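Quick one: the structure is below, and I'll ask about it shortly.
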Amino acid sequence: MGILEVKDVNKRFGGLQALGNVNLSVVENSCHAIIGPNGAGKSTLLNCLVGKLIPDTGSVMFDGQSVLGRKPYEINQMGISRVFQTPEIFGDLSVLENMMIPIFAKRDGAFRMHAVEHTENEKEIVDQAEHMLDSLNMADKRHFHSASMSRGDKRRLEIGMCLAQNPRLLLLDEPTAGMARADTNNTIDLLKQIKDERDITIAIIEHDMHVVFSLAERITVLAQGTPLVEDTPDKIKGHPKVREAYLGETA
Amino acid sequence: MSKSNLTRRGLLKTSVVAGAGVALPTIFTASSAAAFTNEPTGGSVTLGFNVPQTGPYADEGADELRAYELAVEHLNGGGDGGMMNTFSSNALQGNGILGKKVEFVTGDTQTKSDAARASAKSMIEKDGAIMITGGSSSGVAVAVQGLCQEAGVIFMAGLTHSNDTTGKDKKANGFRHFFNAYMSGAALAPVLEKLYGSDRKAYHLTADYTWGWTQEESIVASTEALGWETVNTVKTPLAATDFSSYIAPVLNSGADVLVLNHYGGNMVNSLTNAVQFGLREKQVNGKNFEIVVPLYSRLMAKGAGENVKGIHGSTNWHWSLQDDASKAFVKSFGEKYGFPPSQAAHTVYCQTLLYADACERAGTFNPCGVAEALEGFEFDGLGNGKTLYRADDHQCFKDVLVVRGKENPTSEFDLLEVVEVTPAAQVTYEPDHPMFAGGNLGSCNAGA
Amino acid sequence: MDAIILQILNGLDKGSAYALIALGLTLIFGTLGVVNFAHGALFMIGAFCAVTLSKILTLSFETVDETRTDFLGNPLKVKTPYVEAWFGPETGGMLIDWAVPLAILFSIPIMIGIGFIMERGLIKHFYKRPHADQILVTFGLAIVLQEVIKYFYGANPIPTPAPDALTGSFDFGVLLGFDPNAVIYPYWRLVYFVFAAIVIGAVFAFLQFTTFGMVVRAGMADRETVGLLGINIDRRFTIMFGIAAAVAGLAGVMYAPINSPNYHMGMDFLVLSFVVVVVGGMGSLPGAVLAGFLLGVLESFASMNEIKSIIPGIDQIIIYLVAIIILLTRPRGLMGRKGVMED
Amino acid sequence: MLGLNKKDTTLLIIVAALTLLAPFILNPFPADSALAQFNAGYPDLMQRFVIFGIFAIGFNILFGLTGYLSFGHAAFLGVGSYSAVWMFKLLSMNVIPAIILSVIVAGLFALLIGFISLRRSGIYFSILTLAFAQMSFNLAYSVLTPITNGETGLQLTLNDPRILGVSATADGSIPVTNLFGIEMRGTYEMVAGPWSFQFNTGYYLCAIIMLLAFYLAVRIFRSPFGMMLRAIKSNNTRMSYTGLNARPYALAAFVISGMYAGLAGGLMASMDPLAGAERMQWTASGEVVLMTILGGAGTLIGPVLGAGFIKYFENIFSKINDNVLHSWFSFMPDGLEDAMVALVYPFIGKGWHLTLGILFMLVVIFLPGGLVEGGQRIMRAFKRRKPDETSSETTTEPAE
């Protein structure tokens, strides 16, 4: 029984079958990659997991509880964090503030009217945030206007913000898309480090095979909205159907 | 705030220390050295002219301002003296008021009660105005009148036609020279009967706010007294610009007269629309369909253009009147500005003269003394025949004009012709008339 | 029944004005992404084009008529328009009479010119600025434009009648078998409706069938991609702004005989036209037109006595009430696209 | 001090000094000089400065922090005014119950409208708020006249019950608003040489309330709640994927700013007991938007500056007439004097709208951050001239 169980999920957009009978089981504390050609339904699947879309049929269980019908913020409060294809951070806020917000959310829940406390007096939160920034090697950038940082730094910050909540499941949507080689490698190192240091489950959607094969313990190949195969990276590499459906095309 | 202010403040502080000993309380306070609000102490006295300078009534306001400047000029002995020469009271000398030179400040009411009060307050608090006058709507008049009562200055209302101004909202410090909705009804009814007979069915379109309602009530009452039937009364939103959907059903309602209880832009548009729909060429119940606009002004008639031709209404005054006073006023106004004055200009000119005259007769600027001099004052020679400022409600009673849009105007000003001058007696009502009930003048307030 | 037909006619007519203004507003918003609070002022300037032309045509010289006197008792100066003197009273009178339709020709180059100047001189610098800044600057511009008009033309409405041949009204009811006088409708309003339909049709045809239109439509859908294709989209957008200004101006020119133009008529329409655009869906041209007609018709129905007697004051709020209901049930208006103006 | 850091404390002290010394600062010209026209230190305008300051500060909590642009905030101000006047009519002329009621009623009204309007964002939200406010205005002007007294505005009369007070004073006038007996209209005039300064009780009450409101706004800006509001503006998506529910945050900000507007409305009625429907019109809502943007949205002091700027023009420039102009330029030769008057005339008096419109455009074109940015530029230019030990700014405080 995995921490995330997707059963018979179907999703149609008008005449298009975006997801057809998807079954997926992500084992706790593993790194599971979902790959597939463009339009295979990877993003649709991800959106079904975090409450942005609701599947037409099927079930999505996280740690024994259904996520369906819950709002994104409720699902996050259950322990699922998501990293976006283009980094979604609070661009108008400083790096430190970006890091404090998820910590507040973890401590206070979805809403709390703390309008008279002074942010600077929230010692415990500030400390945690600074500690987190330290561990990301971003301590020197804490007062930066976050929108003005490089894409790699934004990605790092975003991952850090997700980790600051101690999620049980981290969802990554093409975390290295559009990145320079060096930034990609940094990101891979960061993710490896996270995997090693924490009890965390990672599900990753990725185009870049280098990233996938460096991180994933299991891989699901999606094509036309349906899982083609699911196996270990080594097996996937040699799988004829996969080569035909996916790797062949992009090679 | 920039740095220079800080240094200036330092400077001020020292001078304050030097002058702190002469601090004295004034204005709006219960205990004061002055006898009344803004008692003029120097060689001049300041009047506050509060007229709409922006918004839809800006042209009317501009005309009021012209008349005020003319009145001030005459009071100070300049110009040809205008109606001061025809005014039955001879108290005014042409040397200002009570020997003090008349000065004035102006403000913008924006035709909003709030803005009008703000502007009046600034004249009282900042410029030391002893009297406030002007305005182009009843809402503003009532609001400013209330303020003047509270502040202890005299308010000489400008253009305000609602019954409420001297009815339920009357105030001891406020005076109205302009006529009102009841008078419009009383003056119009006999003329309408003569023209259109006593068997008519009327359809009212009414601007949906206080003035519109009092006018509708007045006109309905006086036409029903003739035997007319009121088919329907429909309220139109103030913000309406296109009245087609209110006008279209009129023809089919069985009515043969349309009464437009609108003023300003509303009136221009509703009349234009009514004419567009061809109402005037129609026959209903075997009679010609007619349109009546109870409150007319020349500026509005100008806005409606050709559409006013042959349409009847009432007005406070018109420049084509041939009495000496009107001729004198038209002459001095026309020579100064190049065109004849509007009724708004006439009203505020009269109000300024009446106030100055009352001060002279009372021998004081004290509002209570001035009010006493105005109450029950009977005069002539200001263009509307014999006039009474009634003590009970501070309303003027004078002749009311019934006018008609002229068929063949000779100039751009020659838009209305006087059909009948309704004598004051015919438009006079009891002070406790139900349409004016509910108010209380209270007692005069001299402030200070 | 006749009352309903009458109100539908009224509604279509009001809707024509709303639709024309909203169409221009949406063009500017959709192509340039600019919230133009000065659009009402463009409508107003259009109406004043008609006023100006009729003033030009009635420019007069004065002759003194000793037999008559003016209000001061001086000999009356009689004005004769130059055009009547040049072309004879007949042709001259006809020119003056047809001032409003002639103003259509007169206004198009003026409005396009104003549009160009506005876009190149001001709006261009605000593409990348927040919507709040765009609102502030265009609102400031609207105030300036209307104050300039007020300075030259005064605050009073200026009557600008339709040609004699097109005044008067037409008995529709007889055609449909009702009693005479049941459904009458002014000719000029019919003209306005037809005119609006032609202008709307022309704008759609232009966008649909010309290369220019195709590029602009692509630009509305995704500005960056079209920019990458190397097409000079900015210049096309400038032209689009000119066209939007012209549409607003034409709406104003033809509106002049319906209600005498005054300097603040643009502000009266501004809020309403924004409501129309949003109800139609930001960035959707058919939505703007549809919403214009819909709100016009509903407003007319709400002013019927039968309805007002059930819900007092409904005609005061109907537009806003409908806007609220539509926005709550259809999050992006009637035909709005996702992601437009939601940040 | 007061739970603020040094910078904010300095700001608060400056604002306090400016407001408390306003009677001096706003009357820099001797009363008899030609420039006295530009003096703004009379009670009514000073009251308006701080009252609209409160309105704009509140509006900025919503717009400046969350980015939700409400086009219907004047409705709350109007509702606040009506509540206060009704309190004067029914209960007593003491301003405290009136102000409390106006804040509560405006808060409830904001809760209702905010709850519905916040279901949408962006311009859809703006139009929803606009629609609600316009409905309120139109109804207040017409159908609701029994409650609002329509066109004329709700006024006090000699027949009001005033349970805890008197319907009319002994000399037959309407009693005046007071704070436990201290009359709001009481003014003391201090004459210092050619200058005269007016100290008005009502103004000082408003000023103190504005300082409290400003202090509260600073606290909100610097609190975690304020940070969450800025987060909504910055990235709503990240907000919800961080486990935060943006809706109650935005609603809380909406209600708080509605209560500020109600407070402003209540104070307005306390200074001058009349509540007119025009206060709710869209132009009034637009005015507070303009004040905030003009001053600098999202900054603490900007909205107050913007409010002062617009009210100054409305009340001072509109009162300059051609006579005043002639007196200014009277030192010139006749022809030149007339030319100068003709040149300036379109921009003053009835042309004050034109001046305001031009200034809107100039400010937004040249000072994208509003008047606050203008101030910052001056400060920076000032600093650059002096050798400065502080490092040049690498980051600008987002909220400042």
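For clarity, chains are labelled A, B, C and D in written order, and residue numbers in each chain start from 1.
One rule holds in what follows: contacts are C-beta pairs under 8 Å (C-beta built on N, C-alpha and C of every residue); 3 or more make two chains touch, one makes a residue touch a chain.
Small disclaimer: the values here were computed from a predicted structure and weren't measured.
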| item | value |
| --- | --- |
| Identifier of the chain whose CA centre is least distant from the whole-structure CA centre | D |
| Inter-chain centre distance, chain A versus chain B - centres from mean C-alpha coordinates, in Å | 73 |
| Geometric centre distance via CA averages, chain D-chain A, whole Å | 46 |
| Averaged-CA centre spacing for the pair chain C and chain B, given as whole angstrom | 35 |
| Chain B and chain D: spacing of chain centres that average the CA atoms, whole Å | 32 |
| Chain D residues counted as touching two or more neighbouring chains | 138, 141-143, 353 |
| Shared interface positions of chain B, touching two or more other chains | 58, 62, 208, 235, 237, 239 |
| Set of chain C residues in contact with two or more other chains | 313, 316 |
| Interchain contacts, given as pairs of chains that touch | A-D, B-C, B-D, C-D |
| List of chain B residues in touch with chain C within their complex | 55-59, 62, 208, 232, 234-237, 239, 241-242, 244-246, 248-249, 251-252, 265, 268-269, 272-273, 276-278, 281-282, 284, 299, 302-307, 319-320, 330-331, 334-335, 339-340, 410-411, 413-414 |
| Interfacial residue positions of chain C with respect to chain B in the complex | 2-3, 6-7, 9-11, 13-14, 17, 68, 70-72, 76, 150, 154-161, 167-169, 181-182, 184-186, 188-189, 258-260, 262, 264-265, 268-269, 299-300, 303-305, 308, 313, 315-316 |
| Chain D - residues contacting chain A, complex | 3-5, 219-220, 222-228, 230-231, 233-235, 237-246, 248-249, 252, 256, 394-396, 398 |
| Contact set on chain C toward chain D in their complex | 35, 122, 125, 129, 131-133, 135-137, 139-144, 147-148, 151, 271, 274-275, 278, 282, 312-313, 316-317, 319-321, 323-324, 327-328, 331-333, 341-343 |
| Residues on chain B engaged by chain D in the complex (per definition of touch) | 1-3, 5, 8-9, 12-13, 15-16, 18-20, 22-30, 53-54, 58, 61-62, 65, 69, 104-108, 112-115, 117-119, 121-123, 125-126, 137-139, 142-143, 146-147, 149-150, 164, 169, 208-211, 235, 237-239, 439-440, 442-443, 445 |
